[in-house]
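Please read the structure below before turning to the comments.
Going by the order they are written in, the chains are A, B, C and D; count residues from 1 in each one.
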């Protein structure tokens, strides 16, 4: 087996595991949701096939596409959301994995068309501030390449935001996308986003007028886990 | 075994499996809920017996009735909701399965007497727009054949709606009915309706003033999965 | 073994099973909750011991008390709520079992000090109308025999209600009590009350101004399952 | 093995078990949450290591620190919340265990920055009145030793409260801390706080204007289980 073949196999295995982890974490209902991962040197994206039962998922069913979303290997059609994933890889050059779910509370915020405010430290540990919600798409966009336009809306919401410090977005009337350094981390962020969204749903029920946590607290918690001054966990380089 | 006997046996097995699937999906509490399926050529409807534990359900316990809801085979009394099912099969000529549940969130919307607005794509993938809620029954209707009048209210709510694009309804103060091409699909729609209702419950808690998603988005998502232009999944005829 | 000894043993076994069923149905948190049953001919009430883990519950640990709540057999102290149970058996002569829980949604309604309106048929199938909430106890009552006064408040809430058609009550700032013809049915009513309370919590979130279902519908559903004209299930005497 | 070594081993085992109990009770998401216990005679606090998977937790991984939070034994870094635990042990001389979680509903109240009112007896059985919520930290405090300042805020909220009758606090924008006579009881209080917070979330949804339960009722229930007049359970000294 060539070196490249081994790398492709590893990528498929990792993306397959990450898709199954999404199910194990309770973020998937029926066949909704998909995870992809990229090998940037090879220019290859591995992604879940469209509408396939998670029970039937194994590394060989994972589809390979290029950075334009065109299938380069695999018998099955890739996820119908592939153009969104591909565009995000092109726009956000440092990400290695992308996740899309219809998870309960994050989707509810997307349907409510409200950005998810950072109300506390659970949120701030992973997302440095308010998780943005995209604008509703115009009819013209919907009529064009709808899935790619979804990525356009996302990128538009990040004009003044650093995607490396905010690995999540809510697509209005649709649901969340998250990303990370690889597929595994993107799934982890999807889990934390869902939990932050659940806490925030409960909190606005308790106190509808609550505003976001103060900037200093958000930064303190975010930087406890991220960046050169991080001191959470068992040591970092 | 005659051809007809085989078809009846298959229908009973399918309807029995669909009833158990309803339990597996968490849509049943105690003995609430029932699934039926029809063989239109034979003019036979197979339906759950009334008030029987799901643990005791097997194909032989499934009751056969005609299109008027009259029992044609089986030792047990059919579901007390049989007249509703029978009437729906007469009114909606292309449906092959009907489900009734008291599932958590869909029933809550029915009790709140509010139609379920289409707030996003999870909903739009299966239901093309707002899921209607019937009018509250008049005392006169309640005093007549109550279960058949339930179907009358449903049909009334579909005067300007295509039941093939909207396979669900909320019966005011009661709960949801769903349908599909067979019992299996009707159960699938009951699952998706419950999830759409849960997302909408959460969304109105987050933003009480939220309105429905725009028409173009609803159509785009519905038509991604349905009709001649569908492109979701692994290919269709 | 004498006839009476056998009847006592049966009663203990039934009450033990009913207590464990309460756990299985998810209505118990930690050691909260208790079930009792009565043998009216023997004048004996069997009840859960106080503060004992459900894991350690077996028929021999069930305590026997008389109709005044005085222990007549068993090594353990009876539930601290015994005076409430005993008084209910004296006041409601046709009940054979009593259940007290701190189950999630029914307790939330009790804490919100709101009677539980009958919003739909799931509720009406078991409870003929609004489930009452007691008045808050006076300081004088709290200072007297608190547990017996709890029953006094309950009886007071039933001055214009038939306890046989309304086998449940919410004790303000405390939680629900249910009853039935025996301990098993009382547990069943506790399960249905919790579900009705959950549906109503969701419904008032969706539509805060919702009023109760109309009387004709409540009666129709209640009488489908209860009384001489019942036609739900597989036949009754 | 010396006597002290045995006591240290026992403490580590107990603290390890208590951390795992936190997971079993559903109060932990990912690696959030930590439990500590103290041996006051030895002046040693045992605490969970930072950012370690609960699956990998065993007594030998539990870190020992002194009352200033300085590590005295163990290879791993202690929880990043160690300065909060240590300070609480110094300020509250009768506590033997401390728990911090990001549990669902208690955290939502902390994020909503609302003290948790005592709405009923479930709450009053463990917490004698309103569970306080700390003030939001000043930017200056956040910039100093953030974790120790968290304890300062907690102690500040207890200036007019007895920490022995109120073994819980909500840290604004963060989450709950609970304590008890040892790590096991502190976990038990974390479980009961979460349940009380869940009931209260539901209750304010049902009746947004609900006020706290009356003092006499709170005292009666609290004293049923605590102090010299307690009569709940199977006898106390």
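What to note about this one:
Here is the rule we go by: a residue touches a chain if its C-beta (ideal position, glycine included) is under 8 Å from a C-beta of that chain, and two chains touch if they have at least 3 such contacts.
These numbers were taken from a predicted model, which means no experiment stands behind them.
Taken together, chain A and chain C share the touching chains B, D.
Seen from the C-alpha centroid of chain C, the farthest chain centroid is that of A.
For the touching copies chain B and chain C, the fraction of interface residue numbers used by both falls below half; the interface is of the different-residue type. Centres computed as Cα averages put chain A at a distance of 34 Å from chain D.
Each of the following residues of chain D touches two or more other chains: 204-205. Every pair of chains meeting the contact definition is listed here: A-B, A-D, B-C, C-D.
Taken together, the chain B residues at the contact with chain A in this complex read 119-122, 188, 191-192, 195, 198-200, 202-207, 210, 213-214, 216-217, 220, 224, 231-235. Across the complex, chain A is touched by residues 29-30, 32, 49-52, 76-77, 80, 102, 104-105, 107-114, 136-137, 139, 142-143, 146, 173-175, 201, 204-205 of chain D.
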